[in-house]
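Below you will find the structure I want to go over with you.
Note that the chains take the letters A, B, C, D, E and F in the order they are written out, and that residue 1 is the start of every chain.
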Amino acid sequence: MLEKNVETFIACGSEYEEAKIVLFGAPFDSTTSYRPGARFAGRAIRGESYGIETYSPYQDADLEDCRVFDSGELELCIGSSEAALLGISERTAAILDDGKLPIMLGGEHLVTLGAVREVIKRHPGLKIIHFDAHADLREDYLGARLSHACVIRRCHELLGDGSIFQFGIRSGDKSEFLWAKKGHTEMRRFDFEGLCGALESIKGSPVYLTVDLDVLDPSVFPGTGTPEAGGVSFTELLNAILLVARGSRLVGCDICELSPIYDQSGVSTAVACKLLRELIIAVSAGL
Amino acid sequence: MLEKNVETFIACGSEYEEAKIVLFGAPFDSTTSYRPGARFAGRAIRGESYGIETYSPYQDADLEDCRVFDSGELELCIGSSEAALLGISERTAAILDDGKLPIMLGGEHLVTLGAVREVIKRHPGLKIIHFDAHADLREDYLGARLSHACVIRRCHELLGDGSIFQFGIRSGDKSEFLWAKKGHTEMRRFDFEGLCGALESIKGSPVYLTVDLDVLDPSVFPGTGTPEAGGVSFTELLNAILLVARGSRLVGCDICELSPIYDQSGVSTAVACKLLRELIIAVSAGL
Amino acid sequence: MLEKNVETFIACGSEYEEAKIVLFGAPFDSTTSYRPGARFAGRAIRGESYGIETYSPYQDADLEDCRVFDSGELELCIGSSEAALLGISERTAAILDDGKLPIMLGGEHLVTLGAVREVIKRHPGLKIIHFDAHADLREDYLGARLSHACVIRRCHELLGDGSIFQFGIRSGDKSEFLWAKKGHTEMRRFDFEGLCGALESIKGSPVYLTVDLDVLDPSVFPGTGTPEAGGVSFTELLNAILLVARGSRLVGCDICELSPIYDQSGVSTAVACKLLRELIIAVSAGL
Amino acid sequence: MLEKNVETFIACGSEYEEAKIVLFGAPFDSTTSYRPGARFAGRAIRGESYGIETYSPYQDADLEDCRVFDSGELELCIGSSEAALLGISERTAAILDDGKLPIMLGGEHLVTLGAVREVIKRHPGLKIIHFDAHADLREDYLGARLSHACVIRRCHELLGDGSIFQFGIRSGDKSEFLWAKKGHTEMRRFDFEGLCGALESIKGSPVYLTVDLDVLDPSVFPGTGTPEAGGVSFTELLNAILLVARGSRLVGCDICELSPIYDQSGVSTAVACKLLRELIIAVSAGL
Amino acid sequence: MLEKNVETFIACGSEYEEAKIVLFGAPFDSTTSYRPGARFAGRAIRGESYGIETYSPYQDADLEDCRVFDSGELELCIGSSEAALLGISERTAAILDDGKLPIMLGGEHLVTLGAVREVIKRHPGLKIIHFDAHADLREDYLGARLSHACVIRRCHELLGDGSIFQFGIRSGDKSEFLWAKKGHTEMRRFDFEGLCGALESIKGSPVYLTVDLDVLDPSVFPGTGTPEAGGVSFTELLNAILLVARGSRLVGCDICELSPIYDQSGVSTAVACKLLRELIIAVSAGL
Amino acid sequence: MLEKNVETFIACGSEYEEAKIVLFGAPFDSTTSYRPGARFAGRAIRGESYGIETYSPYQDADLEDCRVFDSGELELCIGSSEAALLGISERTAAILDDGKLPIMLGGEHLVTLGAVREVIKRHPGLKIIHFDAHADLREDYLGARLSHACVIRRCHELLGDGSIFQFGIRSGDKSEFLWAKKGHTEMRRFDFEGLCGALESIKGSPVYLTVDLDVLDPSVFPGTGTPEAGGVSFTELLNAILLVARGSRLVGCDICELSPIYDQSGVSTAVACKLLRELIIAVSAGL
C-alpha cells in the first residue's frame, strides 16, 4: 500500500510525540504596504529545501539528528489581520502546551505578534531579539495598528521597556528612531555590534528570536517585499543567529519576509533554507 | 519656470472642469486569495501607456479628442477592506456629483463594490454588466464577506435579482453556479453569447460595466493573480466592450485585476492600456 | 496533536484503499535534449493546484466527488534512464495490481515507457492515444535508444502496428513522418481531426492516453522544454481529452513535459492543473 | 586538427560559392522609441535554432536540402542611423552582386531601408510586401526622418505610389492611415485579406518581403519592443509568408523586431526560428 | 475639485520657486553599445521611490526637509545624440540660471556631457568627480565621438588636464588607461582610495559629481547595461558620495546607467532610490 | 566573398597551429540532481563575452596578445554519462597531443573527470586544485557513481591520496567531510586560506585546476544549479585563480556550473567571462 505524500522541510520528519521542535508556516501578507508575496515563503522553503544538505559544516552537526515535526502551512484568513493573528496564536499555544518549541515561517512580519502573544503568557519576563532592516516601531501605519510596520511596537505593549533588542536597523520613520532612543527598545543600527553584551544582560530570561530576512543585504537576499540596501552579509547573520541560539534560553523563533516571486534565481529561498537549517540545529542543541 | 511632472494615462490631460470622464486608480489587493499584486496596475497602465498610439483604427477616433482627467492613484489603507472601500466610494461620489463619468482602474475586483455603492445611489435601477473568468458570487470566502470572491454577490444585495449580467464565467464553486441559475444573475459561461440580447433587454437603464481582465485567455493576459485557461480573445473582449459602451447608458466602469509582476514581457499591461483607450473613446462618443 | 503536512493535488485526499485513481509524479528529464526542467512539473502542479477550483463547469462535476489518492513524487535516479524507468514501472505495477487506475505526471516524455511496459502486461491489445507536437518516433537519438525523442517508437515495439494513434504532430525528422506513413502508427498532423473515428475503431480495447503538453500552442503553454509554434488551443485539447476519457476504456494516462521554470507567469502550470482536474473528473466518471 | 567554431542558423552551412541564399544579421535598434533590444535578435535566432527540426511538415521539405550561407552579424555603428544603414547596404549589395538572395535578420525595422536602397537599384519596379502591426508611415518621428516609425515612408520615396502592400496594420498615428488611404500604399488593416489579389496584381514584378514580427498577436510573440494586441496567429502569418514566397518573384526579404529579452520563455525566438525555416525553404523552392 | 496626478521622487514636491534643487530625467540610451534600457531609469526611480523612507539614519536628516522640485523626464530625440544633448543642455541651463542646483537622472552616461557643457559655462575652473566601473576615455567608439564610452574624454576637452578625478575604474581599453596615466585625468582603479586627498586638493573649486552606478558590484546592482564584476559595495559608494557632497562645492550632479529591465527583483532600482535620497539630503545640507 | 560566421570567446581567434591554448565547451548536465541547465554555459559565455573588454587592469595585459583557439561546443550524448565523458576525453587527448593546453567550459562538474582521465595519462604525478562550494566526494549518488556529486572521488581513484587540494568547500554529506579528514584530500572549508602553502608544497608538479563557479557567493553568482550561501567574493576567487595560474605548472583547467537560465540579469555569465579572461591571460603568461 502506498503512503500519503507528506511534505516537510528536509529531514524534519519526526513523529509529533517525539519532536522537540515544531515548524509551521504563517502564509499571511495582507498588511504588506509595498510589494506583497511573503505568503508563499513557507511552501517555497519546504519545496526547495531538497537543494541543501542536512549536514552543517558550520556546527559539525546534522539536521537528521534533530527531532523536528513540520506541521505545514496554517490556513489563514487573507484580508483580516486579527483573524489571522488568532490562527497563529492558536497554533503557537498548542505547540507550547505540548512542551515543544515553535519555529514559525512567515509571512510578513506582523505574524510575529500572533506568536508572541502566546509565548509571553507562558514565559513572563520574555525578551525579544529582533533582526531587521526596518524598525517596525510605528504607532500605526495609514491608520492600521495591526501592520507589519508596527509589529515591534505592538510587542512592546506586551513586554514593556528594556525587553526588546533590535539589530541591523537601517530604515524607518524619524519618529521610530526617536522613540527607540527614549529607551523603549535597545536599537543597534546597521549591524550586530553589541549582541554579545545584550545576550549577557538577559542571561536566563526566556527569549523569542524574530528574524526579518531583509536584515540581509539585498545582494544576498533580493527576494523580499521591501529590499533595503546596506545590510548584513550571510555570514554575519548566520553568526548572529548561532550566537543567540547558543547563548540564550530560546522559547520560540520565527523567520519572516521571504517573498520568493521577487527572486527568480531561487537564491533567496536557498538562503532562507540554509539559515533555517542552522537555526534548527543550533536550537536543537540547546534543548 | 519649469512645470510639475504631471503623469496621466496617455492623452488624458484635460483640465478637471472641462473633463467629461475622470480616471482614478484603486490600488488595493488585500483580499486576493491566491497571488497578490493588482495594487500596482494603475501605475503600470499609466506608465506604459506611452507605448500605444492615441488613435484607434477600430473606431477611427482619437483619444486626443476625448476630454479625460486622470486623478491618479487613491491612497488606500492596505489591510482594511472597509476603509479601502470607503476611500473608493468618496472618490466615486465626488466625480459623480460633478457630473462626470468615473472610470476606475483596480486593484482586485472588490474595489468595484466601492464604486457601485455610490453609483446606485444616484442611478436607481442600475444594471451591472460583468465580464470575468470567475463568478465572484460567494456568500463569504474563508469567513470574509468583503472579498474579491464575493464582490458580485455584494453588488447583488444592492441591486437585486435580474440586474446583473455575467459573461465569460468559467470558474467558481458549484454553489455559485447554482445560485446564479436560480435567477439571481444572468450568467453566460465561457463567452459573450447573448450580450446583444441582454443590452436590448436593459435599454434605457443606467449601466455599470466591470471588466475583470482575467476573462481574457491567459495566453493573451498572463499578468493576473488567478489565470484561468479557456478564456476569450482580445478581439472578442474588445468587441464586447464596444458593444456595451455604444449600446447602453453607461454611468460608470472599471477595469480590474491586472497584476503586472506576473507578466514580465509587459504584454498584459499593453493589453490593458489598449482596452482602456478603446473604452474611453467609446464611452466618450456617447457622452 | 498536530497532523503531518500532507500535500496533494487539490481535493485528491482519499485514503488509498478507497481510491479508484492514483496520481504519482515521475520527476525525470535526463534525456531532454534541448531545455531540461520537466522534473519539477509534479511538485509545481501539486503546489499551484490551490489556484483553481475543484468544480468543473465543463463537466458540471466536482473533483471533491472523485476518489483519488496522490502518492507524491517518485525518487528516481537522475542520470540513468533504465533505472528511472524501472522505478516508474514498479509504481505503475503496484497501482494496477491494486485495481486502481494510474495517472502519472511527467517529467519528460520518456517516462511514458515505464508505465506502458506494465500496463500492456495486464492489458493485452493495449492502444495508445498520443497527443504531442513531436512525433517521438526516432529509432535512436544521438545514439541513445531510451530518449524522449524515441519513446513512442519504443512503445511501438511493445504494441505493434496499428495500435498507436498520434494527434497534433507538427515536428520531427523527415524519417519519422515517413515511418509513420508506412502504417506503423496512425498519425494526424497539426490537430485532432479524426479522433472520433479512431476512438470508434478501437472501441472496447484498453487505452493508454499520453498527453505531451507541448501539443498546445506555446502562447497557451510556454513552459515546456521545446516549444513548437502552431499548436492547438486549450479548448481543443480539453475537448480531445474529454472525448478520449469518455469514449474509450482508459486503463492509464499521463501528462508530460511541463517545465515550470520557462514560464514565470505561472500560466503553464495553471493550464496543466486545469487539464489534470478535467482528466481526473472525466476518467472518474467512467470507473 | 580541430576546426573553428562556425555558428550558423541550423542547417545553413553551405559554402558561399554554392549558396543561393545568404543570411545576415543587422543588430541595430538605436531609433527604437519604446523598448530597445532588437539588436540581439540575430544571435538569439542562430543560437536557439537548434531547438527546431530542419524538416518542415508544412512544406514536406527539408532545410538541409537548401543551399544557404549564414554570414553572421554585421558590425554596425550603434548610435548613428545613417552609418548603420550604409553597412547594411554594403552587405546587401555584395550578396546581390554575387547573384544570391539576401535574407536579413533585424534589428529594428529601420534596417529594411538599408536593404531596399540596394535591391531597388538592381530591380527597378520593385514592390514591397509589408507585414506589420504598425503602419511605419510617419514623415518623421520626434524630428528624425530615419526612424523605425518612418521606414515604409522612406521606402515609398524610393518606390512611389502603388508599390507597397501593407497587411495586418493595427496601430499608427491618424495621419498615417489617412496618408495610406490617399493611395500612397495599399493598406489592409488587422489581417491578410486581399493578399492573394495583391500578389496577382503584381505578378512578375520583383518583390521584397519585410516581416515585422509584431504583426503576430503578442500572445504568440511577446518578445518585441512594442507589443500590439489583436494580431494574427502563427498559422495565419505562416500561410501568408508561404503565399508570398511561392506566389511572387522574391528578390530579398527580412524578418525584424524580435527582442528576445522581453520573452524569457524563449517562445518568441522559437517562433522566429520556425518562420525563418519556412521562409528559407519556400524561397529556396522558387530559386 | 480633484487635483492633477503629480508624480515626483518621494518627498520632492516643493514649488519651483522655493526649490533649491531641481531633479530631471534624461531618458536617453541610443549609444549604449551592449545592452540598452537606461532610458527607463528615471521613471522607475520615481515610481519605486515610495518603497523607501524619507528619513536617513545615515545622516539623521529627512528628505521632507529639503526643498526639491522634480521636473520629470525630458522628451529627447531617440536616435540622435547631438539633439538629445541639446535638450539636456537647455534644461540644465534653465535650472542653473534660476540659481538652483540640477540633479540629473540618466539615461546612459553620455547625458553627462549635456549637463557639463552648461555647468562649465557658469562655473569656470569646474572639476569633475567621476565614479564608474568604466574609464569612458575613448577618443571614439566604432567611429562615434558622442558615445557613452567617450563621455569623460569629451568632458576633458572642455575642462583640460588635472580637472577630472576618476574612482572605481576597472574596465577599459588599454589605451584609455595609458591616456589617463599621462596625467590627463587622475584615475584610481577599483576603489575610492585617495578621494579625501583629491577633495582636499580641489577645495573651493566648483565640482560636478557624476555617478555611473555600475561602479557598484553587480551583486549589489545587476540592473545595468554592462555589469562589471569586482565593484564597490553599497556602503563604500554611499560614503564616497557623502564625502563629496559634504566636502566640496557641488554645482551639479547626475546618477546614470540604471537599466531596470535587467533586474526584475527591483533591488537595483531600490539601491538607486536610496543613493539619490542620500545625495539630495547631503547636497541640500550644503546649500 | 563573405566569410563564415566564426564565433569565439572574445579575442580568441588564433589559428589552431599557432595557438598555445585551446578552449572547448562540454555541454553536459545529465547528472545534475537539483536544477539542470549548465549545458548552456559555453554558448552563453561565448555569446556574452563581447560585453567585456580584452584588456585586464588586474594583470595589465591583453587577451589579444594571447594565442587561443576556441573550438566551440562538443556534441555530447545527453543522457549517457560514460558516452559524454568519452567525448570529452577524446577532445582533451587531441589538444594535449598537439602540445596545447586545454581549457574546458562545463557543463556540470562531472565533465572534469573526462579531462582528468587524459591529463593524468600524459602527466603522471598530477595534482588537482579544486575550488567549489561542494565537496563532490560521494562514493555514489542515488546509486550512480558517475555523478557531479562524486567527481572528485572519481578523480581521487586516479590520483591517490595527497594529490587533491580543495578550497571553499561549505556543503556536503557528513561522510564526505570525514573521508577528506582521513587524509584522502586536503580540504579547506569556506575560503582559500592555505592556498599559497599548498602551491608551495606541490611546486614542480603538473597541476589541473578545476573551478566550480558555485564557490562564489550566490550574491555574486546566482546563475548556478545549486546556489550555496556563504561563498567567496569575486575578488577572492580572482586572486586565487591568479595565484594558481602563476604559481604552479598548469597543464589543464576547467570552469564549471554556470547555468545561465537562473540569472536573467546576465551578471553570472559576465562574471564567468571575466574570470575566463583572467584565467587565460594568466595561464598564457606562463606558457
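Criterion: a contact is a pair of C-beta atoms (placed from the backbone, for glycine too) under 8 Å apart; a residue touches a chain by one contact, two chains touch by 3 or more.
Protein identities per chain, from UniProt: A, B, C, D, E, F = Agmatinase.
From a predicted model like this one, the values you see are computed outputs, not experimental measurements.
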Quick one: which chains contact chain B (Agmatinase) and chain C (Agmatinase) both?
A, D
Equivalent of B-C within the choices B-E, D-F or A-E, defined by over half of its residue contact pairs recurring:
A-E
Name the chain whose C-alpha centroid is farthest from the C-alpha centroid of chain B (Agmatinase).
F
Based on mean C-alpha positions, I'd like to know which chain lies farthest from chain C (Agmatinase).
E
CA centroid of chain A (Agmatinase) to CA centroid of chain B (Agmatinase), Å:
39
Among the residues of chain B (Agmatinase), pick out those that touch two or more other chains and give their numbers.
35, 217, 219, 264
Pairwise touch list, complete, is A-B, A-C, A-E, A-F, B-C, B-D, B-E, C-D, C-F, D-E, D-F, E-F
Which residues of chain D (Agmatinase) touch chain F (Agmatinase) in their complex?
1-8, 16-17, 22, 43, 46-47, 69-73, 94-95, 98, 264
Where on chain A (Agmatinase) is chain B (Agmatinase) touching in the complex?
29-33, 35-37, 39, 75, 77-81, 83, 142-144, 146-147, 261
Chain C (Agmatinase) contacts chain D (Agmatinase) in the complex at 34-35, 169-174, 177, 189-190, 217-220, 222-223, 226-230, 262-264
In the complex, chain B (Agmatinase) residues that touch chain D (Agmatinase)
50-53, 55, 57, 62, 217, 219-220, 234-235, 238, 264-267, 270-271, 274-275
